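Reviewing the structure listed below.
Every chain is named by a letter (A, B and C) in the order it is written, and numbering of its residues begins at 1.
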Amino acid sequence: MQHDPNNHGGQHVSARPAVSAERVTKRFGQGTADVRALDEVSVSVARGEFFTLLGPSGCGKTTLLRCIAGFETPSAGRIHLNGKDITDEPPNRRRVNTVFQSYALFPHLTVAQNVAFGLEMMGKPRAEVSRTVDRMLALVRLDQLAARRPEALSGGQQQRVALARALAPQPEVLLLDEPLSALDLKLRKEMQSELKRLQHETGITFVFVTHDQEEALTMSDRIGVMSTGRLLQVGPPREIYNRPVNRFVADFIGETNFIPAMAQGGQVRLASGEVVGESAQAGPVTVAIRPEQIRLSEPGEVGGIPATVEGATYLGTDSHIHLRLKDGSPVVARVPSLPSAEPGPAPGSSVGLRVAPGAVQVLED
Amino acid sequence: MTEIRVAAAPDAPPLAATRTAPPFSVTRMPGFGLVAVASFAVLYLPIITLVIFSFNASTSMSSWGGLSLDWYRAAWRNEVVQEATVRSLILATSAAVISTTVATLAALGTTRQGRFPGRTAIYAMVNQPLMVPEIVTAVSLLIVFGFVRSLTGYQGLGYLILAHSAFCVPFAYLPIRARLEGMDRTLELAAADLYASPVQAFRRITLPLLAPGIMAGAMLAFVVSLDDVVITEFVKSAGQDTLATYMLGQFRRTLTPEVNAISTALLGFTLVLLTGFFLITRKRARDPR
Amino acid sequence: MTSGAAEAAGLRRRTRAGWLLSTPALVLLAAGAAGPLLVVLVFSFLSQGEYGGVSLPFSGEAWFRIFLQRDIFDGTVSAADAHLAIFWRSVWISLATTLITFAMGLPTAWFIATRPPGQRSLWLFLITIPFWTNLLIRTFAIMEVIRNEGLLNTALLSLGVIDQPIQILFTDWATLIGTTYVYLPLMVLPLYAAIDRFDMRLLEAGYDLYASRWSVLRRVILPLVRPGIVAGCILVFIPSLGAYVTPRILGGGKNMMIGNFIELQFGQARNWPLGAALSMALMVVVMAALLVYVRVSAREGRDD
């Protein structure tokens, strides 16, 4: 098994991953006009892990999920489930289940019949089916609505039915394709913790697809960030946030200041001369600094980077202070809002910026 | 609205009280309502008159001789009418069953396989009976079936069943295809995801969801077959009158309200079928998917 | 396996499945509808048989005879006036039917589309009932209205507008009234479908920009519901042109339209090649009309 060099997720990897993709490529269209939805993606998800595929729409995350589910056949590469090659298995022979973005509840069946469907197709005895259905509906707290049709349910309830239906056959891996995107904010927050609880209680491996970075950061054990068909970085949320491997990851997750700098003799200097970090390379580089890692200090204080205040945006708890460095680079600092009505430092005033040594990321351009 | 306001507030400004023009409506077009009402009247008055005169006691088609069911009784006892009715029903049932079966398969073939070479040609062929004037189809069948008849000596209902099944295909096909195209494809993926084989997915998910479309298609095919005059008139062997061709024959002689009675009965039957179709499709419209 | 090969294999499988599932329908239609048309085409190029039917040799005579005739004595060629009269009647009645049904159908469709949503399907249902009612019954019903002792004449007589019944039945006017009555629903349904898709907020925009009701109708509504108008006109014009039952019953034996004239060739006139040529000619006209429709709707589709 080839290991991705970016795969730092040491703490979860067990002997045999629950599901793994090996150099999976998916091309759509033919000839020269083809589009690579997936470009040699390799990833493995450990048993019992909550793994999230994160990326903007069109990055290939849903295609990867559909390849694992069996709805798409990879153009190249293999997919393993529990060590078994399932690349050529049809979806109905794969012990994985999907929670669809649109839920895809069968409109002519009741809630209970929907949940029972997979178990019946597997040929489970009747008594076991009804026992499991009861257990699943209790798990998602829908026991009262077993006899209803999906159309009579709210969006959140339909979501729970879709979850119960996918969990009922006890799949090796549960695939969730942006399942929360159709819900409003409050319900989405509720379902996030509900999903975590369900994963904890069932111990099933979850592969979750989302374009919402906050959702990914709060729910996942590990995140795989994707862009234009490639897996850019895989790691636990903190690592992804604090140690992005490149500009795309840093930009996509959270807010980041990108400042041009120069690396020379192991040190990275801003254009104004301050040393902000270390790098083994030489030549122009970009440093990434999160706005909340920047503190404002008095101008002229030792170690401060001089900047000019251009304005402030009130965000509630925090405020964004818009600054400009000597070399003209814009920088945003996120500082706690003051209880007074004061908007912060006056525009035009000079300040010094302080950055914690570990908070500066030097990125390859 | 205006009156209520005036009553509630007697000292409201006179502007509100004296306003006589109706409020501006963007969708109103002058005279359109009138023409629409006239159209509905034009469509329904002749039919209503026909129904009323079927209950006329007099032999005359123009003067009212009192209420009676005599003409229904006469039609009911008329052996030619009985035979024609039975033949019409056999024909319509066979045509509906055959055309709906092949149309369902064709609809699955043309909507469930994505794009493939020849799909447009299949569409064109399936809808062909809608595009060719009935009289042209009728004479072409007259020629070909006449030839087959003289060759084989077969005089049975087969010719009519074949012809009716063929021209009913597009009527059965269109509602089934519409239903299939409106169906969420992820439902079938979900079934496969939940361990259903393709056959199980079709039987447990696709077919039940398609059923209203198939029912609607079969009803339309039935009505279309029942109504057909031209092709039947040209294709039928001697003594194979359907209700429609029997009535056409009646126009050659002096008409009696018996024709009104038969028409009314047929109209009632069609109405029942159409109401069924209407209810099925309305239920579909309410279905969120 | 490379992706191109997998894709090609998938396409082959889907093509086979698509054709296989459609085969029963295609066979049925080939035997009971489309195939016999080819026979008619062949017949139109054969000679008239002695006792009806056709015989060799191949000849263009039937097509020639559609518009022209040869004098039996001196062989001079002249226009076949009797035929032209029938074609002219078919065309003007069909055009007039299309116009009248449009004039009645547009307001009716508009009326239905502007009803409250809950009522709309009921009004639409009221249009579909006559549409699905047996053509003979409807022809019979309108005949009862326009004949000399019918509803119309009785009403006019008793009102004193006329002092003796107007002879409508067995004239071209009767045929026109009949086709209009019979095909009106065919105009309303596509018009309704187009108006139903029409975004009524555009009307507010039109009035907001100082348009009168007439200008809104002409400049906003009609251009946008044009696909429906074209569909409705084609749907009325084509069956009118090929009408058989209505002119036979209402027009009487003498006021034939093309449909009746075709039948005549296979019946009393015993000129099968001419009947076949007429059928094919009618089909060509219908196909041309359909082609116009396809072109227009394809262009509208691109505009969307």
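We adopt the following convention: a contact is a pair of C-beta atoms (placed from the backbone, for glycine too) under 8 Å apart; a residue touches a chain by one contact, two chains touch by 3 or more.
Given the structure is predicted, the values throughout are model-derived calculations rather than measurements.
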{"item": "Pair of chains whose C-beta contact count is the highest in the structure", "value": "B-C"}
{"item": "Central chain (distance from its CA mean to the mean of all protein CA atoms)", "value": "B"}
{"item": "Subunit B and subunit C: spacing of chain centres that average the CA atoms, whole Å", "value": "17"}
{"item": "Subunit A and subunit C: spacing of chain centres that average the CA atoms, whole Å", "value": "60"}
{"item": "CA centroid of subunit A to CA centroid of subunit B, Å", "value": "54"}
{"item": "Touching residues on subunit A, where the partner in the complex is subunit B", "value": "69-71, 90-93, 96-98, 100, 102, 104-108, 117-118, 121-122, 151, 165-166, 169"}
{"item": "Subunit B residues within the subunit C interface of the complex", "value": "24, 26-40, 42-47, 49-50, 53, 61-62, 98-99, 101-103, 105-106, 108-110, 113-114, 116-119, 122, 125-126, 128-129, 131-145, 162-163, 165-167, 169, 173, 223, 226-227, 229-230, 234, 244, 247-248, 251, 259, 263, 266-267, 270-271, 274, 278, 282, 285"}
{"item": "Interfacial residue positions of subunit C with respect to subunit B in the complex", "value": "11, 14-15, 17-22, 24-26, 28-37, 39-40, 43, 103-108, 110-112, 114, 121, 125-130, 132-138, 140-142, 144-145, 149-151, 154, 181, 184-185, 188, 200, 203-204, 207, 213, 217, 238-239, 241-242, 244-245, 249, 258-259, 262-263, 266, 272, 275-276, 279-280, 282-283, 286-287, 290"}
{"item": "Contacting residues of subunit B [partner subunit A, same complex]", "value": "184, 186-187, 189-198, 200-201, 204-205, 208-209, 287-289"}
